[in-house]
Structures are given as structure tokens and as C-alpha cells.
Amino acid sequence: MKAEKGKTINYMKEKRTVPEALKEKRKEDAKIKKAILKSLESGEKTIPQISEEINLPTEIVTYHIYSLRKFYEVETGEIDDMDEYFFFKLKKNK
Amino acid sequence: MNNQNLNGAPKILVFSTEKISDPAIDLAGLLKVHYPSTVYTINVPCSSAVKTKWILHAFEKGFDGVFIAADGTDCPYGESCSKLTGEIVSVTHERMKEQNIDPARLKMAAICSVCAEAFAKHVKSFTEYLSKEKNTN
Amino acid sequence: MKKKIGVYICHCGNNISDYVDVEKVKDIIAAEDGVAIAKTTMFACADSAQNEIIQDIQDNNLDGLVIASCSPKLHLFTFRNVAERAGLNPYNYVQANIREQTSWAHSDNPKGATEKAIQLVKAALAKVKHSEALALQKIPAVNTVLVIGAGVAGMRSAIELADMGSKVHLIERTHFVGGRTSQWSKLFTTSETGEEIVSRLYYSVLEHDNITLYMGTEVVSNSGSVGNFEVELKKTPRYIDPDCKIEDDTEFENKLQKAIDICPVEVIDEFNFGLTKRKAIYKNFKSEFPECPAIDAANCTKCGDCEKVCDGIKLDQKEEYTTIKVGAIQLCTGFDPYEPKDGEFGYNEIDNVITLQQFKRLIELCPDKLIHKDKEIRNIAYIYCVGSRQVDGDNKYCSRYCCTSAIFTAIHVKDKYKNINNFHLNRGIRTYGKQEILYHQSSSQGDIYLQSFADSPPVVGKNGNTTSIIINDILTADKEIEVEADLVVLVTGMIPRKDNSIGNILKVPYGRDNFFNEIHPKLKPVETVIDGVFISGACQAPLNITETSKSTLSAASKANSLLKSGEIELEPTIAQVKSDICNWCDKCTLACPYDAISKIEHKGKQVAAIIEAKCKGCGMCLPVCPENAIDLIGFSDVEIETMIEALIE
Amino acid sequence: MSKVNTNFSTDLKKYGSINFNECYNCGNCTAVCSLSTEESSFPREMVRYSILGLDKDIKSSLKPWLCYYCGECSETCPRVANPGELMMILRRWLITKYDWTGLSGVLFKSLTASIVAFALVAILVIIVGFFKQFNTEALLHLGHYFEMISIASVFLIILLPNIIRMWWFTIIKTKAKVNFLSYLKAIWDLIVHMFTQKRSLECEEENTFRWLEHFLIVIGYLLLLFITVFLDWFATESKIVLWSGYIVSALVFIITFDFVLDRIKKNKEINKFSHPSDWFFVIWLFLMAFSAFVVRVFIDAHLIDNNIWVYMVHIIILAQWAMLIVPFGKWTHFLYRSFAMYFDKLKMSQ
Amino acid sequence: MVDKNNQTSYDVLVIGGGIAGEESALNLAYSGFKVLIVEKDLSVGGKMIHLSKVFPTLDCSACITTPKVSETARHPNITIYTYSEVKNITKLSEQNFSVTLVKKPTYVIESACTGCQECEEKCPIIVNDQYQWDLVARKAVYIPFSIASPRVAAIDIENCILCGLCEKVCPADAIDFTQEIEEIPINVKSVIIATGFNLFDPTVIDRYGFGKYKNVVTSMQMERQLVPTRPYNSVLRPKDGKMPDNIAYVLCTGSRDETVGNPICSQVCCMYSVKQAQLIMGALPMADVTIYYLHIRAFGKGFEEFYQQSLSMGVEAIKGKVGKITEKENGNLIVRYEDIREGKVKEAEHDLVVLSVGILSNPDVKAMFNGNSIELDDYNFVKQVDELINPAKTSIDGVFVAGTASGPMDIPDSILSAGAASSETASYIRKHQVESSK
């Protein structure tokens, strides 16, 4: 079967179906991402601060915030006065 | 200080090395670790091959700073690299003093092949230092 | 100066063109001096683009090429290849990095990125203008290797090199092969004996037409460089007619035995570490190789008694000198066991304190009952780290093999004799890897381990008739524990050969532990800074036999790939001395890590000259020259300085 | 200073067949042990002493008794040196050291000796029966007295002196300074530990059930003793005594059956190694309850007169239990462990 | 790199493109042999390319690996198949092995991809990044890691929701969803097994709480945290991103332990832990590092000196194996151990615990040789049948072993072992050539 160049995705769509769990996970991840980014709109925050604000465990926030940093959506700022937690802010120019 | 570029950001010449520090500078680009665009790189095999003459030439032609991104202990040519590069810097510092050039305009640091952030940090703070110097002059 | 240069600015899809105004770059560069063609291209690395560039070079007779695209680490060789296919020298191609170091690094600042791209292309242009056409240089090399030392490392390497097609000269300083390994009986972890290993290797060596074995031979001097060393050898006589063969000639064998019996000179037997004595004509054990005994020139009084009973003995043999030509040299000179100082844990003061090496010989000398100084041994105490991991002494290093060796010996002893108790007074057992199983085995069989830290070593003392050792055992909360022993075995480590003069002859550097030093433990683990000189086995660091084999085979592999083609390719980017300005001052030779600079006569004065075969093109000699008389090809003053000017314009 | 003595560990292996020499002193056992504390760390120390042959240090130590064999140390021992079982072995060894008669040693080390001893006791009982012409009444009567006398004499002649010896080794010899008042203050602990063994609940793994079984068996055993000896279960007509006798003996019977089953299945760490003395203990406990039950059934069914052998079997088991297992066997655990807790408390209070 | 010439026969097949595989391939290539490297991962470089600085010289691992990687990739005598596996190897006769390779689809045309990351930016799916040991996420279409070779994207089809965005945005038209698994038959004269090792999975040891307590990490996760291309901007606790100041190392996690089925010593954990301790002290000057050990196995050249140096820098070394770890409310961890020297059980509080996990064999090897099965040792490493003299020799003539496929070893030892494998391979081929020409 030949697929049209640039639209080979259609070929794959016929071959595979996407598991529901994957779709669910995507939604969940997107929700967390949105919440974190929204929380940062009001200013720089640390992981415990975000965690408290959006009511998610710190380990999930840590995972997502550093993933967002990796994808150039947020950046790290200064560390807090106690030298414990870094502040995060939205990245202006990606 | 003659020929100094008075308008715009300070210009920095970086001597990088083919196997170690230049890959780090490439990686900085890859990881979108930004640094001033007035930082230019010339590639040499080993940081201990940089001649004082070249550095002085760069100052003479108008570079505000020169940064040697040294191999450090990772040099593929052996252990003596760090020592020799250090000597080049100190000899050049002497010559710079003789010519009334602020020795702080020549900096050196070891940059490993994945030390992208370290490189950006170094050239950023170097740029800051040089612009401060420029403005006070 | 190149006058017809082609410049190509790559979009790299959008990767460059999104941030760098490639058209602007092209327009500005097109106006530069010497630029014949300036173009932009979507993907310079694409086949179609490559073909277009080749076409342009050929149509316009271009003499230089600049491509501004990604990092040279990705496509330098692709584009050099393009140049070559178009008939241009690959070194007349220069790449400007306007992706990793420009568009991506400054994606926050498109204006700055564009400016920087222009400067970088201009600099590349400046460099290409002054670039020289370079060709890979080749020098002929002899596919012959000199292997020094016929122990396990040396013999193993010689066989491998011969198998891979090299000619090998294998030299051994003593009159017998096998080195240290022939002194050990069972070897961990396979339980083969040293004798078996040595005889396997020896017969393979003999079988090979490609290997010449020299006994009693050492290196006197060395000249030349990689591919073409000239080595002078000195051979001390064995004083036995080389035509006499011991195999199948029991009559001759008997005569030799008579000669040994009659010899009046008795000396300490080093092979048994002084446990026994031997004659001046000797053989260490029955199946030692070569099979003929040898006469020890240093101790023989030339009384002639032996000649009288054996006609094969020729006391009039003389030292011989020969010079051989080899392409590479491999050092396999091994180690010496650490010799404890008098009084160190009672050594040489208490009569039942011996070293592990002596103990291993003792086991060989005692077939049924373990007897030392007429006393049957039941309780053996091993004191570890003697001569290794010293706090006050010079040997800071761990000797690596001794823990396992001592434990393996303890298992062997318990197996061989009845009612043996082993006590291991150690400083932390280091049976790394699979050797851990031996440690486990020894504990299961009831061996007792006691441990102390370096700051409170065990104390050996004589208590009436018994020898006892007192240790603050950290495994028992630092309790003071006493062990009574019939025999105290000092587990002594490895030290570099006491006579390591070969290193000075070959100019091989020593490390801080005084073993020979490699260039880099991971990048070049068997290479030395002297190109063509390799090190392997325990002359480099303490190693066990498996590790020795690995390192020696590694070195063989390196020597083979170096010499196999019969020629050595040299880096084209090497240093050059401007002889006219050079006033020999020696600074460059000191800076050169490869010993690649020699002193020659030039127009009636002494000047430095680069030995092309040795130069690696690092450039370390450049800045140290007070006269600026050295340049690195490809990085000459004019190239660098015009680049600097182009960048600042 | 202590001298290494390799003979000790060889000797110790007669009390149980594991190779604790495999220990490489990582300390994992002590670290996973929930009963081990900074003040009193075990079992590795005991393993170490055993390997080095520092028997004096073991003899003066209470640590083997502080171990309740949770089994975690053995389960997680990287060298499979079975520290938990070694502690058990040391308890056996200690029992022989406390025992002034020396009989424990003989019985623990030799299975043959144990079998002979059991046989001798059985023969002795049969001889006594023979002299009484196997008269039911006379035998029941005698049996009852025998029980009372044997308990008293075993306790006074053997166990009490042994406890004193234990005290001597662990308190006096170690020069622990304990004032008289602490002896009184700690007595409550002695009683609590003796009856509840509550420390075993501190094991990391979920073992409340095992503890409950143990607890019930101790209570059950003591009750059975009380009912048969003091309330004269075999001779009573009181309904309450009768029924409680049945219930208690059934309880002991069921639990010991479960114990025997566990030892056969070996699926728990503590059941992997069973010394003959462990088997004797659980089997005799089981047999005692079982035979007592049967005897009472026979009495109630008025079958006993014609089946006096049922009682003879019971009394043989009882005699073996009282004369061998209680004074010289595993039963002493119950006593020494409780006293060890008591002594430990005393030492800690100083 | 797909072979331009569609070559189907090679002198040597090297299975595994880690440091041992590359070293042997390079040695042989320089001696003139044609070599095929088959790498099951998306990039060559093995485990070493992911490490931070390496002991005892503390040179950066990437600085050593990447030049070697590019040298391998560039060498005219070497062909590399990444994301490919060896399905089976049958020895037909001396110097004649018939091999079936399986090339898995990445759905990206390798030669077209420029590594620009446009697709990665647009991809809406996040997945645990295996190259950062799950500390952060990657996308479903992704470039494995920044210094990967080849540095091209791949699609993780298992986690793809088939939105097709990547294909739309790719400037080089490099996405191709029609790729299928390819079976490639080849012939080789000899084989080098350089399949490396697996790391011990600490979830097996329940009492250490790995997985349950987020601040208990493996040494590989710590290694990543110490690399310049690290997942975080500093060394941090995965539970809450806090900068730790009291870190514990638990040595012999899964090594020298019969209860997890691995009685041997992993040979590298002591040294890498000591090294990480030194690096941590550099990165977090205020931090305390404690190493809980059984025996410090600093046996190699310069190792003991390196260990002593770390002690003088202030690393605390306590003899005693950690028995169990429990978590406190604030994420700190209580480590229970016996201080052997004092003979006392103790508890210490740390805010990050690193499990120095051991080295296990890679079980993939066995299945490759279905016909003439290769012999393994007691620990499932490839058996060295003549360990003392021919350390690379296996139970099948013409099949050699390099690096950690034959047992735990450090990088210098792996490189030497690879050297041995290459020379034994070279003489095997040459010997049989001489014989057949006779």
C-alpha cells in the first residue's frame, strides 16, 4: 500500500488504534500543564507554592515543571532565601 | 584604549577547541541556551596552541574581550595542556599590562564537551563585566 | 591567495532562515573580494545541492569553497568530500557554523544572529583565502614488533601479533620464559597452573615462524621513531651449546644433571624467593622452558668443573650485540613483589613470617604436609595490604590482585593439607567482580576474617614458642583479638620492577606510583606518549593474569592496526618551524608532549625541526616560542589574524 | 583481649546445622531487626562471637534471649548465613550452660541420647505401673501426685539453680551494678513478659497471629496444668472444671497441630530449620493435650477401667515432658527468656 | 547509518554500540576489516555516553565518548544499524555465520532528518524520558538525547496518538509512517558480543522503598543529575525539587546479595559512588555526603588514591549495610544500619538517598544463538572459556566477547577487553584465511 507523501499518518491510522488510556493520560497531562502555566502567570513561584495553589502533590509538579523547562516553556529563576527551592517563571522568548 | 568598539554590546572572541569546548558551544545552541550574539568563536586543536600574538591582535583590532575555552583535564593531547594554557594566559596578561590593556579582558575557563550552560554563563558574565568597564570609560 | 571562491548559505529548512536573514548574508558576501559565486540553498547536505555545488566548482574553476550551515562536527567531512569530488583539495573548504553557534544560539535575537552570521562567513572566507592544499602524508613502516619480556604478557602478545601477520622479536632478560607466572601454581579463577599456562604459550611461540625468541637479551639503545625504530640488543651467553637439544637425549640430560651436581657455587634461589639455594648452573623446575639449564654469569666462577663432565657446556661464549629494525615496541616487563622491610610485621625477625610469594613456593615444595622450618603448619595468619595502601610509605595504591590471590591460596591450602585454619587479617577485602565467589567460598569453609583500619595495623609478636598477632578487630566493635599462628603470611603487593632502566632508554614516562604510564586510561590505555611504544601487563599497574591478557592483546591490536598496511598516515595539520628565525632555545621541545621536536643544523646554526611522524598537531609548541618561529598548518598567523579582522569589521 | 578459638564454632554446629561462617559482617541483620536497639544490638554481634569462639562473651550475654526469631534477618541475609537460626542455636547452647546437671547438653547434641532418655522414662513409668498392677484408681492417684511432685522438684532442684546460674553469668560476672530496689521494680515486667511474650509483636512482619497462638498456648498450657493438677481434672465431677478442661486441651491441641504443620511445610523463615528439640517440644505438647483429652473422654465414657493403657500412654508422655523437656529441653525458653527480659531491664536501669 | 552499498557481507558483526563495541569496531576497522555494528537503541554510545565525569581521572564521559562515536560513525570500514536487533545467528562453518537482523521502524527517514526538533516542539504527548531515567518527560516524537548519534528524531509509536502534527511541521519531509519492520539477512566471518549490562532494579528490595519514596533514587538517576545535560538545573530531590544537603549512598544494592540472586560484586559501584560524592561536593558545597559500604573496592590504577582524596574532601564513609529505609512526612528518609565499627544499630536522617545499584547480565544474548547456543556462566554473563589466556574467547569458535557482556567491569577494563576481542577476532579471521588458502 502506497501512502501519499506528507500524509503517511493516514496509513498508520488505518493500521493502529490509539488506546483509550493514552488519550486519557494526554488529557490529564494537558490539564496539569495548563494549571502550572496558569499559576505562573501571576508571578514567579516555587514548586511547593505551585503545588499548594493547584492542589497537586509536589512530585507531580516537579516532574511537570522540569519537563516544561526542558521544552522551553518555563525557566528557572533564583533560589529562595533558605537555599531550598528554585523559583520558576514563564519563558518569554522561546 | 584605542579602537574600542564604543557603541553596542562588547565583542568577545572565543578560542574554542575542536574536540572539547567547541562541541559545548554547539550544544548551547542546540539546547537554546542563549548568550550575546557578539560572541565569536575561532576553533583551534588545543587551547594550549593559542598564541599571545593572536590575542593581542584581537584587542588591537577592537575586540573587547578574549575568552579561552580551555580543554582542562579532558584534553586529548595530554595532561600538560592545562598548565601550558595557564602559562599563555599569564604571559599575555603581562603583555597586556605593558600595553595598558586591562588584564581582566582576557579570561580563561575549562569547558567540557557538554558544558553548554557553563559556557553561556561565562560569556554572559564576561559581557556584563566588559559593558560595565566600557561605560565607566 | 584564493581568488575564485564559492559561498553557499544554507537555510537548513527553517532552522537557519527563521532567525538569520540568509538572503542578506548572501548579498553582503557576494560583494566581498574573491567571491565568485554566492548562493543560498534549502539543504546544502541534500544530494541535489551537493551536485549543484560540484557543478559550480567545475564550471567556474573555483579554488575555494565556503559553506555556511550547521556545525562542522556534522558535515565537515560531507562537504570536504564534495570538494574532493569536484576536484578541489578538501582543505580548501571551510565551514561556517551559522546554525548551532548562530541561529539556534541567538534565536532570541534575529538581528544579532544575522550580523553574527555575516561576520562568521567573512571569517571563513578569510581563512579559505589563505588555506593551503594539503595531502595526507604517508611514511613507510616495518610490520615488525619488538616485544620486551617473555612472561605471559609478552608471549601472549607475540603470538597474537604473529597470528595477525606481524613479525615479532620477543626478547627476555633472563634465560627462561614465563616470568612471574611460572612461579605460581594454581591460578585463580580457573585453577590452571602457572606451569600449564607457560608451556601452552611457549609451544605456541615456538610454532610460529614469525616469532624470533631471544633469551638473556636486553635493549641497549634505541633510535628512530614510529614505524622505523632501530634497537640495539645485547645477548648474554647461556654457556650451553645452542645445538644441544635436551629432548629425546637422556644421555645429554644426564650429563647436564652431573654438571649441576658438580657445580661448587651455591647461591640463594630467587625463583623460590630465598626459601632454597641453587647452583650457578641451574634450571628452576623440571619442565621449565627452554629446556636446557643456563649458567648464571654473575655468579659463575668459571672453574670449569662442569665443562669436564658435560661437553655441551661452552664457557667461552661471548656477549653478542645485534641491531634490529622494528615498527613498534611493546613493553611487557612485569613487576616485582614488594619486599617487606626488616621488622615490618616481624619479617626477617620472627622466623615464621614469610611473604605470600614465598608461601606459594612453599606450597609447591611441600607435597603432603605443610612444613616450614621443620614445623608442621596448622594455623596460618595472612596479613593483607603489606606494601600497598601505605599510610606513611610511598605505595599509596592498591595492588589489586593480592586479596583474591591470598584467599585463593587459602582455599587451596585447606584443600591440599589437613586441619588447616586460615585467619585473614585484612583492611577490607577487595574481591571485585566474580572473584567475590572465592571470598564466599573461603568464609563457608570456615576461614576467619578480621579487619582493621590503616591507622591501627595488626601487631605480630613472639610469645614464647608461639607467634601471635593482635588486632583491633573493627568487625567486633574494635575489640582486641589475638590470633595464634604457626605461620604468618604477609600478603605483599606489586611494585614496579626495581630495574626499570628500559623505560629510560625508550623515554617512557612513569606515573606517580612509578609504574609506566599510559596516555589516558580510557582514550589510550596501552599507548604511551612515545608514538609506537606500547605498554601492557603489570609493568603498567598491578593486574591479574586475565587483565594482563586483555591489556596485552589490546596493545597487540593497536600495534597491528598501526603497522598492518606497511605505512603510517600522518596528520596533515602539523607544526612547522621557520628555520630562518629559529634560534634553538629548547622551549618547544619541553612543551611538546610527544617528543616530536629534534635539533638539526640549518645554515650553520642549530634549529628545531619537527619530526613529522611524531607530531600530532596539537600546537602546544606554538605559544612558547620566543621568536614566533613555529606555525601550525591550517592555523597560521595569517589565517587566524585575518579571521580576527573579518570578525571585527 | 580475647583469643580466637576455632573449636567453638565446630562445637556449636552440633546444636544446629547451619553455616554461620558465611557471614561477611555487613550488619544487615542487625539493621533489619526490629528488636535490636542502639543500646542492645544483635544478632551480628553474636554471629561474630560465635565465629571467633568468644564463648565467655556469649555466656554473659542476654542478647540471644532478646531475639524472638521474627526471621527477617535470615530472610534478608545477603550471604544466607541464617543469623536468626544461629540465635536459636545459641539459646540451646546457653540452656546447656545454665544447666548445672549437664544433661541438657547431652540431649541437645545427640538425638540418640534423647531417644534413649525418652525410652528410659517410658520404661520407668511402665515399671511403676507394673508394681501397681495397672490398677486404675491407684495409678490415677499416683499420677496426680507425681505431677505435683515432679513440677515442684524440677523447679526447685533444676530450674531454680539454673536461673541463679544464669543470673550469676549475666549480672554478677558482667559486673553490672543493680540495686536491690530495681529487682522489685522490674518484677512486673518479668510476669508480663512471661505470660504475654509481647515483645515478639515488635517484629516487622505481620505476626499477630503467631503471637496470639503463642499467647494462647502459654495460657492454655498453664490452665491445663492447673486444671489437671490442682483441680484434679481426671477425678472431678464439677461440670465447670470438666468443660474448661476439654476446651483448654482442645485449644492446645489445635494450636500445636498448626505448629507441627508449619514446621513440616517450612514456608516461613522461622520454620526452615527444625532441631530435634523443636520437634519434641511441639509434638509432646500436642500429645499431652491430645492424650489428656482422650483420657478424660475415656473416663466420662466409663471405658478407662478396661483401657488403662490410655492413661499409661498419657502418663508416659507427661513424665517425659516433665522430666526431660521441661527441665532440659525447649520448654526452658519460656523461663529463661522471661528472666532475660527481666535481667535486661535490670541492667538497663543502672 | 544505512549502508549506501547495500552490503550484505562483513568481516565482523559487532553486537552493541556501546564503548566496548565501538572500541573493538574501530580497532578492526583500522586493521582493514569491514565491520557492522548493530545497536538496539536509537543511538550508539551505550551507557557511557550518559555518564557524568568518570573515575578516577574525573574527565567528562561525553568528552571521551563523543569523539569515539563520531570516529566510528565516520569510519569508511564501519556500518552502523541503530534501532536494530540480531534475531538469530547460525554458524554454518568456520568464518561463515548467517545472521538475520531486524531493523525496527522509527518512522523518521534518517538521512532526511536534520535534527531540528520542530516536530518535538509540536508533539502534544509527553512520556517518561528513559534517557533521563524517568526524572522528566520527553515527547512521543523525540531526539533521544542531545549528543545522540545519529542525532535524528524517532517516533515512539506505542505512545503516539496519531495526530500527524509532526509530519505537518517537518521542514525536511522526514516523517514516514509507512515504515515497517525490516528483516535483513547478512553474512559475517566472526561475531563480537558487546551487549553490555543491565542495571539492578531496586524495587526488588522492598525495604529500601524505591518507587514508593520519591527521594530514594538510583545511582543512574543521580548520575544524570550531575551531567551538564541534566534533567534539573541542579542536584535536586525528585519529590519536591528541594536542594538536598544531606545525601546518603547505599552500596551493594543488588550486589553481593544471594537473596536477590546476585552473589557477585559489581566492581564499579564503590568507585562511581565515591566519584558522585566528589562531584556532589563540587556542585553543592554545603552538602554532606555519607557512603554506607561493606568494603570499598578501590582496586584499579589510581582508585585508592581517589578514594582517599574523597575522604579528605569530607565524604563520610560508614562501614555497614543499610538494612531499611523509611520516609518521614517532609520527604526526608531514615536510614537504619549497623555501624560495624561500633557494633551498634543506628538511624540517620538524610534528605536524599542514592541506591548504588549493581550490574546484572543482559539476557538478550542467549536468544540470538538459537542453533548453536552460546554458553553462559553461573551469573548469565557470556562465559569466557579460556579466561586467562584468551579472555575474549567464547564457547563458539569465531564468536568473541567484549566489555561487560562477560561480567561486571569499569570503563578502562571494558576498553581493554574490547581491545582483546578485536585482536582475537583479527587473528581468528586471518588464521582461517591462511588455512583455507593452504
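So that you can tell them apart, the chains are marked A, B, C, D and E in the order they are listed, and the count of residues begins at 1 in each.
One rule holds for everything that comes next: a residue touches a chain if its C-beta (ideal position, glycine included) is under 8 Å from a C-beta of that chain, and two chains touch if they have at least 3 such contacts.
What you see is a predicted model; the values in this text were computed from it and never measured.
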Query: Between chain B and chain D, which partner chains are common?
result: C, E
Message: Using only Cα atoms to place each chain's centre, name the chain farthest from chain A.
response: D
Query: From the centre of chain B, which chain's CA centre is farthest?
result: D
- prompt: Most contacts: which chain pair?
  reply: C-E
Statement: Centre-most chain by CA centroid is E
Message: Taking the mean of the CA coordinates per chain, how far is chain B from chain E in Å?
response: 35
- prompt: So how far apart, in whole Å, are chain A and chain C when each is placed at the average of its C-alpha atoms?
  reply: 51
Message: Where in chain E do residues touch at least two different other chains?
response: 57, 59, 64, 256, 319, 340, 343-344
Message: Residues touching two or more other chains, restricted to chain C: which are they?
response: 73, 107-108, 429, 440, 475-477, 520, 523
Field: Shared-contact residues (touching 2 or more other chains) in chain D
entry: 24-25, 45, 79
- line: Listed in rising order, chain B residues that touch chain E in their complex are 19-20, 23-24, 27, 30-31, 73-74, 76, 112-118
Message: Could you list, by residue number, the parts of chain E that touch chain A in their complex?
response: 107, 120-121, 124-126, 135-139, 157, 159-164, 167-168, 173, 175-178, 214, 231-234, 236, 238-243, 286, 331
Statement: As the complex stands, chain C meets chain D at residues 421, 423, 429, 439-440, 443-451, 470, 473, 475-477, 479-484
Task: Over in the complex, which chain E residues touch chain C? Could you list them?
output: 27, 30-32, 54, 56-57, 59, 64, 70, 74, 114, 116, 118, 151, 171-172, 256, 263-267, 295-305, 308, 319, 340-344, 377, 379, 384, 387-392, 407-409, 411-413, 415-420, 422-424, 426-427, 430-431
- request: Could you please specify the touching residues of chain A with respect to chain E in the complex?
  value: 1-3, 5-13, 16, 18, 22-23, 26, 29-30, 46-48, 51, 58-59, 61-67, 69-72, 76, 79, 83-86
